[in-house]
Every structure is written in structure tokens, then in C-alpha cells.
Amino acid sequence: MPETDLIEIRVHGRGGQGGVTAAKILAAIHAHLGRSVQAFGDYGGERSGAPIRAYLRASRAPITSRNKVYAPDHLIVLDPSLLDAGTLSGLKGGGTLLLNTSEPIDAFNGRFDAFRLAVIDATAIARARGIGSRAVVIVNTTIAGAFARIFDLPFAALEHAYQHLGLARDLPAAREAFERVQVRETAEAMAPGARLGLPPLPDVMPLVEHTESPAVTLKTGSWRTQTPRYADGLAPCSASCPAGNDVVGFVQALDKHGVEAAAEILAKTTPLPSVCGRVCPAPCMDGCNRRELDGAVDIRALERWIGDHTEPARPSTALGMSEQGTNAVSPEPARPSTALGMSEQGTKAISPDDAHAEAAHAEAAHPERSRGTSGPGASKSFAIVGGGPAGLSAAHALATLGHRATILEADRELGGVLRSGIPVYRLAREALDRDIGRLLARGVEARLGERISRERVADLARDFDGVILATGLERQRGLDVPGAKLSGITQGLTFLRQLAMGEKIALDGDVVVLGGGNTAIDCARSALRAGAARVTIAYRRGRDEMPAIKEEITEADNEGVELALLRAPVGFSGNGRVRAVRLAEVELGEPDQSGRRSPKVTERVDELACDVVLLALGQSADLSVLPERWTLRDGRCFDGEHATRVFAAGDVSTGEGTVTHAIGDGRRAAFRAMAACGLEVEIPPRLDVANAVPASAVRFGHYPGSSPAAHEHRVPSSLAGDFAEVDGGLASPAEASRCFSCGTCTECDTCLVYCPEGIIDRRPGGYDIDLEQCKGCGICVAECPRKAMEMVMT
Amino acid sequence: MKTLQTFEPEPALGGLAHTPADRPEPILRAGNTNCGGCGMSIGWQLLSRAVADRPVQLVIPASCSIVTAGTYPFSAYGAPIVASTFASAAAVASGLAHAARLNGEKTRVLCWAGDGGTYDIGFATISAAAERNEDILFICYDNEIYGNTGGQRSSATPQNAWTTTTPGGKDVPKKDLLGIMAAHRIPYTASVSMAHLDDAHRKLEHALATPGFRFLHLLAPCPTGWKSEPAESVSLVRMAVDSGLYAVYEVFDGNRVRINIDPTMSDSALERYIASQGRFRKGHADLKALRGEIDASWRELRARAGWASEEATR
Amino acid sequence: MSAELISANHAAALATILAARANRTARGFGSGVYPITPQTESIERICEETFEKGHVVRVESEHSAMAVCMGFSLGGLRAFTASSSNGLAYMAENVFAAAFYRLPIVMMAVNRTLGPPWNIWVDHGDTLALRDAGWIQLYCEDNQEVADSVLAAFRIAEDRRVLLPAMVCQDAFILSHTMMMTDLPPQAEVDAFLPPLDLPHRVTARPLVVGGLDPPRETEVHRRQHQEAMNAVFEVHEEVRGEFKRVFGRELPPAIVPYRLDDAETIFVSMGTTAATVRQVVDAARARGEKVGSLRIRMFRPFPEALLRAAFAGRKRIAVLDRDLSPGLGGIVFSEVRGLADPGALVQNYMIGLGGGDVRAEHIERILADVRARERAGAPEFVEVGG
């Protein structure tokens, strides 16, 4: 008999990967080349994912063997994790080892030198072409391409075989593998005839002596192609919060651990929970995935609950002390405090010159504040110009990290627009004072009644380690139309400020408010309280486009404010005093860049009679405070081309116009200022809501349906003169239990209970997955009701 | 009773999984050979939690779940298992149950069989054991296919499903086994949704505690046979329930019918259920006709449960 | 001793009831029963009995009858059932299973023709079709032997060296429905003869898979062990015969039962009641001075090869009478014994009494004449006897 050209190949794969079919495909190729072939697999009890072997023989002579292949000429390994299990057993020296792996061929330097090595990432190719399922990628049709290449088989033979087997769809994958397979020739010869001997046959216990079955020893973790892991996802509420609050964190903490724990989380990012809990437009609630089910979690009200139900560690007056020692609507008398703003006399303000002495005092009083900022000059001092929300937030961030923060406020009280621009029926002064009191208790110093001129800014920059300008929007937008100078036309913010300062303003006719933002609503509702007979808001877009908080618009509705929508003011009429506003009808055109449809003013004009007009058309920053030659670029002041340590924060910088934006920006400016003076701090990133857990990833069915909790709501019998707070907030923090906790594990055990293998165990603070056994089915991840897990490629 | 709770309070199963009541030795051990995402495996985990520390003996006829056990002398089961011949589970269990009773043992004897061993070859045996009201809990994990032999049709295979023996899709609907078993007037018959943990656990516990013949039906997705993603096994059951395709109810003594989950009859769930499974791709699933059949079966079920008929048309 | 006039069906039932009671101090007795002519009377009699510790499940099929017995046996109980013909065929899967589980279940089988066409009369083809099922098979010749064999079968089957199921076979109607005086021992003697069953591999609360997957290696060893257990039966059977005689004072027939074999040159080989008719012809032939003898095979499994080879030594002509047919082969008994004769001996197969034909002496005489006249063996001969 002539020397045989028989080749014997063994395929190592996993159930479901198509190992047996791989042998069949290769056999079909050889058959097409006129050879006698044989292809078969091992059949046993194991299932999808389990290691299996398949065999192939090809020869020009008829094949007579009916045995498995124990000494293969070549080996095909469909899964690199199978390389451990005696896979190479019997492979002839110089034989080819074709390996499906994502590693490059260089990764195998020094290994398998006795063989010809070929590698191809068939899994990646097959996965990219969608062959098989996500969990079990079928690689046989791909790797056959590599096989054809390394054995110099014509691709046409492969094509023919694929057509014949109905696999033509996978030809591009085979072609890719054909082209991309890498080969390394045999490096060293193996001793001829080297073979692994047959293992001795094991003893078998008689059935009648078998009284207890030991546990199986199979490590099914090796079947896995994907691995589950616990990974907190970004909650859309947190991602949406301009202030940077860990929203899901504080809501969950409130639900699970109580108000103190929640307050602790909030205090990391905001000094103003009581304020934001009332007046924040709450983008978090717009982002809340629960909106898609039965209404967003009332996060704003929960923040208010936390702010209102946590007392500051040390009571303090809510107001900073001015040099004059003046204070205003404080609920409590001023008491000595360790707050930096208070000297022992409670009246003395501190000049920059005293700063170092005071710093020592501060460290003595609050040694914990310097913690974590070790190193020379660890505790720095910063001046903050403006005591509005951005300034307060910057001071909070600085003080929290143990630095000295000095707020310079032109007014006699801290709060800025919170105090002067938001009516008290909406933001009770007690709430504002409570937040400010807590901030001062952290050691923030406030100098009141200090208006900073442009000359002083440069001084501050020299005297302090850093300066933050948080002067807000001081310029109010007017209206350049005929009759705009008539008396009775006032800036809404001026009106609000007068009210806030306790001026008695009595309105008695018809009032028209121009604008659609919160200021407009505030003006309208305040006007009613000031005695106006009839209040109309005229706005150039529709109700849905009004930037005001939706609930506020509803409140205004309820209180009788009328809305004249799609109306733009084109003039005023009156003789000395305004008698009517001329409103043109507006049509909405194409959406602009902001997504809002741009208004087109028409020729159709009506007059609306009125006695008072309040302008609420927006504000802009007053940058005249900057010294000459200084410019503001991306929130930082430059003296010519020289970057100063002066940063702008809040509306003056961004003009975003909400408390929450101001808080976030103030905090970010504080971090930038700290970084600018050499402190190692991580500037809080801006989170992208696009990366947040989408509603589609939340398993709604997991959660009991429940509507948002009602607020305690005061309905005044008569609005005139009644400036008491309308919204009483929540009656309990139970609303927090509606939170899905998107992206954050609540240890609900769903993963554990659904694991088909029973290999997820509880440990303190989470779970352990036994990866030795995990088959990577992904049910734990799919069933996680809140996407606090993910699958990663193994 | 119409208060139907379909959401899942946290922690799951009231935290049972990490209390001492959880069975220390699971009935299905890790290292078994089941495919990833096997619905039957999930069923075992549920059963294991419900069995807790009760002594049990299980009879498993030919099926994937006996291959699961592994090879001699090892076992992937942490409980005694008799691997019976295909048709004989309920009969072997009858003997074991009497053996336990005659010897004053509290052992609960269970049968765990696939749809082939229940709907088809085992049916006469099960019917007879039910008629004798043997003290057996018979659980059918129904993957609607002869999975162990590679995916042939059974009388539990739904209409239009592709199997290796119905290459054009099955031409007749599946048999209403739950109705048939209830007609034996056995103490307890129930369908179990693994997507509704509390209901499933309660039923398993009730079935374990009740004397006489009890029958539980568990819809058990088979990613390999259904050509579905392993990760979706539980969600497929959820879709089957939400769409009304899988009615979750229980029958006491064959006459008191209690619907446990009032489904939303979601068309989108039905659509997704069909679309997520490769086995329906080759057939010609007519969703409208299927919806009609589902609605008709619900009218009948609601009538049996004593629910007002107008609820049947939503 | 109290002899009663009873059928062999009742003889088997009463012996079973005694054996059942004998296990009352252990885990008790269980049975799954299903009627089939001509076995039905035996299970009816068992159903009349009230057991202190036992239960009879009235199942829906023979398949389940054996399955229930397997359940009882796996639970450590003494288990019994009875069947016949197509019932055995329907049961077959579980007949094999009981043996492969190594469960010492005893079954009384009434040999009846397999149909269709339907025939309720005797034929050994039903149990011989199960000769490879791994069971001990004992074929009886009279009612007393049926009763005694049932008692002995429990003892042999439950012996630790054996742990295999045992089938006690008897001829339809000729024994099953024929009244004979049958001696049934008192309970105390049966208690002394049959120790309580303590099945080593019974199912408890421990994790254990009974009857799971056996790969090739495990199976080859388990099959070999099955064979070894079968081989142990010869020794155990002899011990049990001795014990039987000691306790009951009566002989239990040996594995093969010789009759006037001493110098016989021509012998008949048969099973069951045919042997009784053969004996008449042997006596007649002897009276004529012919050297004729008979050999009845009582134990067909394990196959008593050595005993048969010894018994065949020196015989010139052997007529093997089969009350069965393996179509395309001939007699099953013939096919198993033919190779055990001396070289040059003439071994001729006769199919006789198929379908319950009444085998009479004249038929056996014809066979004797045929076998003596032959120069060499030929194809199996069908001896047609009619009703």
C-alpha cells in the first residue's frame, strides 16, 4: 500500500459554537476536492457552551477507521479558553494548531513552538456579522476560511461547499478570515513519536454500593463568552442636575437610611437644599425615568424635605453680619458663632489683612477642614464677589475642602436674587435663612454691604489666593418699542425687589406682565398679592414653550392669572402713563437651534388695556466690574493674555439663569480656582445625560404603580396681601420610595434569585458571582430592574 | 379575589435568599450541564427555595433535566433523584410516596418532567396517579419541545413553532394540559410564571404542603430550542404573561378557579414574544388570529373564575 | 402444613402475601397491579388482602405496574407484581429498568401467547422475549412449585450477592387456572426463611442519582457486575434450596430437573408443564427398554450452562421441545442449548404446543420416533397438536 495521505484533524469547540459543523464544513471542502472524507462529533450530555470535540479525516484512499482521532495531524481550537483541557493531547509535532483568539500571534511567542501556529479572531468576525446569538457566537463558518488559507485549499472549493451546505450567507466572514489569518511556522521539532499514553481506566463503583452521589466537578465558567458584573450606571436625574447633585444617591439615602444620611450626600454638592427644594426647575425630574411610567419622582420636594428637616450643626443667624451689624428678617437673634464671619463681638468684619490670623483661628476651630489638603499652603483663602447662589455654592465648595471663603456682598444680606427676586410666598425667608445659616456654620465669612468696584477686583486678585466673581445678572432687558418710556412700565425684578425689601406696594388696576419665565410668573402672582384687579401674562410663544416651571404656571392659572399666548408687545399707548399694551399675534415657525419654534410677529395687533406693565424679558450680565484690559473667557478672567486667578461663576458667566445652574457653576469655579492655585483637586465633570440609564433599560413591571405624592397646599381665601408660602411641601418623605434607583444597586436580590446556576451570593454591600461556574447567560443583567449590572466580553 | 400583585417588592422573595431558611444545599448544583439561560434551571432555583429544609425525593423521567444530573457516580442535584423511564415518573413516584408514608417519613415526593414526559408519553401515567390522588407534586417544566433529543414537536409545542419535526411550523395548537389536570379534580393545579417570583414561590410552597396529587405547570424557555437569547428567558415568560398567552391561575379541587395575574393583554408583548424567538420565524405566526385565540381562552377562563364577562373584552 | 386446593394463580398470590408479611418489621411491602388474562386472579387475591405494612396500587397499565414496583423497591420495600403476554410486552421497558436499577422485585408471569391475533393460552414466547432483560427466570411445572418458587425468588433476589429481580413463570391455564392441592407454609416459617429486606442502595434523603447517565466505561463495568450477580445466583440458589428444605421440610427443585437420565442415550429437553407429559413418554419408552430420559430446565436465567453441559455429556440424541418460536431462528431454548451437546450428538428442535395446544403423550411419542430415526439434525420441526 502506498504511503497514506490521510490527514486527521480534531476540532475543540463548545456546544452551540458549531464544532461538529466545522468538521463537516471542512470535510465538504475536501470532498469537493475529490477526497474521501469523514466528519463526526462526540455526543454526550453536555449542552450549549460545554466543551465538545469533533473529528475530521480526509484522504485520497477510502477511509476505514471508525475511531476517534487520538493523534491528530492538526488541531482546530474554536475557543482559546479550551486550550487548558488537555487539548493538545496527541497532536503530532509540526502539526498545525489553528486557534481562534483575539490575541495577535506575537502573544504566543514561546508557546506551542513544536507546532505550526495559526491565529484568527473568528469570534470578532462572526460577531460583527451577526452569526449566532449575542451569548453564543457561531464561529465555524468563519474559521473554515482561515483553515482553507493555511492548508492552501482553493477558496473556490470553500465557496462550493458553502453553497452546497446552504451557508452562502457566511461566505464574507470566511473570506475575511481567509485574508486575515496569521501563521507562524514550527520553531522546534518535537521528539518523533511522542504521544500521550492512554490513561488507565478508572474503577467503577457497583450500583448497589452507590448510596450517595458526590457533587459534579464541572467548572462551567469556562463556557462563558460574556461576563456579568455589577457596575453602577449613571442615573438620569443625577446626570441632569446642573448643580451636580448625586440625586439618586440622596433620594435612595432618604428612602433607606433617613434624612441625615440624605442631607450628608446633598451637602457634598449644594449648600441650598431648602432653596432648590422650592424653586429649582428640577431638570432631574424631567430626566426621571419614572416619568415614563406614572410620573417623575418629586425630587424637588424631597430635597426640600431634607433641607427643611435637617438642622445645622450649630445654630447661627441666617444672615451674615455687616459692618453695621444690621440684620434683617432673621427668625433668631444673632448669637456668637464660630463662623468666620462672626467675631466675638458679632459685629466685626474681617479685612483681607486679617486673613492669615483668621485662618489660624479657623484651623483651630475646625481642624477637620484642613484634612485632606496637606502640604505647604494647603489652606488657601478665596474671595467671592456676590452672595447669590453661585457665590454661596463656591463658598460652600471651598469651605467644605477646608479653605477660607470670604463672600463680599453689596447688599445687606446674603442670598442675592434668591432674596430679592423670588417672592416669599414661593421661597419662604426661613428656608433661605436656614440654608445660609448652615453654610455660615461651616465657617464661611461674609462681608455685607461691600460693593466691589473694578479697581477692587484687581486688589482682591492680589490679596487672595483666588477670586470668584458671582455677581449674577444685573442688567435687565428693556423693550425698545413705541411708548416704552411711559410711566407705569417697570422692570419686574425691580418690582419684586421692592416687595422683598418690605416696601408697601399697592396695585389696583390691571397689570400686564411681559415674558414667560419664572420672573414673569413671580411678577404676575406677586401683582395679585399686591392688590392688582386683573393680571395678564403676555408671551410670544405657546404655553408649552414657556421657560417657567410648569407647576408655577399652573399655580398662576389657579390664582386667576390670565395668559395671552403667542402675543408679542409692539408698543404701548397712553398719555404719560401707560393705558394699554399693543400686542401683535405671533405665528410659530420652524424650530430654531434650541428646538423651540421661532416666533414670527404678524401684522394683527390688538390692544390690551392696563395700568401697570411689568417687564420680565430676561437679564444680562454686567461685566463692567472687570478691570480694564480684562476679558472673560470660558469662565476665567484674563489680563491681556495672562490667565488670572479670577473666575466667574453663575449667571455672570453662563447666563443660564437658574439657581441650580448657578450652584453647579459656582462649585465648578471654586474647584477651578483651587486648581489654579496649585491644589490637587478634581474639577467636577459635567455629566452627559446621553450616558444615563435610559427608561428602556428600567424594568417598569418590577415596580408597584404609584402616583407622585400630593403636596400640602395652602389655598388663600384672598390673595391680596397674602405673601405666606403657598406650597407646604410633602407630608412625609415616602415619595422617595418611588425612586427606581436607576443604575444604582439596591441589593434587591433579583439577580441572585434569577441566576439559573444559583451562584450569586450576598456579601455586605453587594453580591459575589462565582465566575468559576458562571455560564454568562446574562439573565442577572437582563433582569436587574434598574441596570446596575452589565455584561462585558470575556 | 381580584387583588393581583404583579410587581416585585424588594428584596426579592422578602429576602428569603439570604436567610437561614434558604436551602443550604441547592437542589440544582452549580457545575451542571444545562445551557446558559435555561428556564428549567431557573425553575429548580425557585423550587429549591420553596422546598427549604423539607426532605424530598424527586423522580425525573427522560428529559434534559436528567441529563443535567451528570454522569455516574456524580450528581448535579443536591437531593435524591430517581431517573425513571420516560413514561413512568408518576408511577415510580407513587411507589416512593407510599414507601415514605408506610414508614412514617415526612419525605415529599416530587416529579419533575418536561412537556414530553408530561403531555405526551407520560400522560396516561400522570392521569392515573392523579385519579388515584397519589401524594405527589408533579411539576411539568414546559419548554414546548423535545429539547433533550434536539428539538422535536410535542403536544405542548405551540402552533406555528418550528421544530425539527415540524419544519414548516406546527399546524395545531398546544394541548390545554392545565385544564385537563384540573378536570381530574385533584387538590391543586396551577400555572407558574417564573417572571412573578412571589406568586411562583407561594404556589410552590402551597403545592409542597398540600396532600394529594398536585400539578404545577412552569413555562420554561429553552434558548437553544426557541432560538432566543439566553438572557431573555425570564423576560420571555413575562411577555407571555403580559400578552395573555400564558394564563397564570390556580385551581383548587378542580372547581375553584383563581386567576392570579390579570394580564394587560399587551399586543406589543405578544409581538415581542413571537419576534424574539427564532422558532417562530419560519412559521407563519398570525398575530391577529393568535390574539383571537388568546382572548377566547381568557373569556373561558374568566367565566370559570367567576369574573364578570365584560372584563373579557378590553 | 396446610394443603389447600387452589389454582397456581392463587398459589403465587398466597406465597406473595406471606412474603409481604414477612417484611412487616422492615420497610413493608408494595405492589402495583394490573389485570391481564390469565394472571388476573393472582392480583385479585392480593387486592383482597389487608397488609399491616403494605400497599397495593391499582395502576393503569403493566408499564406502570412495574414502575410502581420500582418506586416501592427504591424506597426499600419488598415489591411484587404479576403479568402475562402482551402485558409483559407493554411492561418490557420497565422490566429492563428494574434489573438495571438492581432492584429485587419478584414478578409472577403466566406464560401466554403474544398477540394479535389474540390467544390467551400458554406459550413461553412472552417471558423468553425478556430473557435478556437481566432478570432471574424460573419456569414451574406445578402449583406447589409456583408457590415455593415465589418464596425462593424473594430470597434469591434480595441476597446481597444478587440484588436482581426474579420472574416466576407458569403455564397459562394448565397451571394458572388448575386447582391442585398446594401446601403453603405458616407465616412464622416464612418469617424464618425470608429475612427483612435492607436494600443497600435504596433512596433516602441523601443526594443520590439512581439510574442517571452511565458513560461507556461505567456501563461496561456495570454490565459486567450484572453478569457477576447473575453468576452468583447458582450458588445462592443451592443455598436457598438447602435453607428451604431446612425451614419448610420440602425440596425446592434444582436449576435443571433430570428424570431417568442415568444411562439415557436419547433425552428430551423441555420447560414448564410439557416436562410432565414427557415423563409419561420416558416411562413408556423405558418400559419398552429404550434408553430415554428427560431434562427440564427450571432456571433459564441465569442460564445453567455448566449443569446442562454435564447433563448432556454422553447423550447421542437430544430432542429440544420449545413452546415458543423465534421466527427465522426456531426455538429459543434450542438455540441456547444446542451447543452444549457432545460433538457428533444429534440435537433436533421441535416446536410443540404453540398457542396453547394441548401437548399429549402421543405427540411426544412421535417426536421420540422422529429423533431416534434421524441420521442427522434438520430444520426445526413444527409438531402440530391442535386444541
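In this document, chain identifiers A, B and C correspond to the written order of the chains, with residue numbering beginning at 1 in each.
Heads up, the rule we're going with is that a contact is a pair of C-beta atoms (placed from the backbone, for glycine too) under 8 Å apart; a residue touches a chain by one contact, two chains touch by 3 or more.
Just so it is clear, the model here is predicted, and its values are computed rather than measured.
Looking at which of A-B and A-C shares more C-beta pairs in contact, the answer is the pair A-B.
Chain closest to the overall centre, judged by the mean of its C-alpha atoms against the mean of all protein C-alpha atoms: B. The greatest centre-to-centre gap from chain C, using C-alpha centroids, is found for A.
Centres computed as Cα averages put chain B at a distance of 44 Å from chain C. Averaged Cα coordinates give chain A a centre that lies 41 Å from the centre of chain B. As a whole-number value, the distance joining the C-alpha centres of chain A and chain C reads 81 Å. In chain A, the residues that touch at least two other chains are 45, 204, 210, 213, 215. Multi-chain contact residues of chain B (touching two or more other chains) are listed as 67, 69-72, 75, 77-78. Multi-chain contact residues of chain C (touching two or more other chains): 204, 206-209, 212-213, 215, 218.
Residues 25, 55, 57, 59, 66-67, 69-72, 75, 77-85, 87-88, 90-103, 107, 124-125, 127-128, 131-132, 134 of chain B touch chain C in their complex. The touching residues of chain A, counted against chain B in their complex, run 15-16, 45-50, 133-136, 204-205, 210, 213-220, 223-224, 701-705, 746-750, 752-759, 762, 770, 773, 775-779, 781-783, 785, 791.
Those residues of chain C that touch chain B in the complex are listed here as 27-28, 30, 32, 53-55, 57-61, 63-65, 67-77, 79, 93-94, 97, 203-215, 218.
Residues 5-13, 15, 17-18, 26, 28-39, 41-42, 44-46, 48-49, 64, 67-78, 194, 197, 223-224, 227, 229-235, 238, 242 of chain B touch chain A in their complex. For chain A in complex with chain C, the residues that touch the partner chain are 44-45, 201-204, 206-213, 215.
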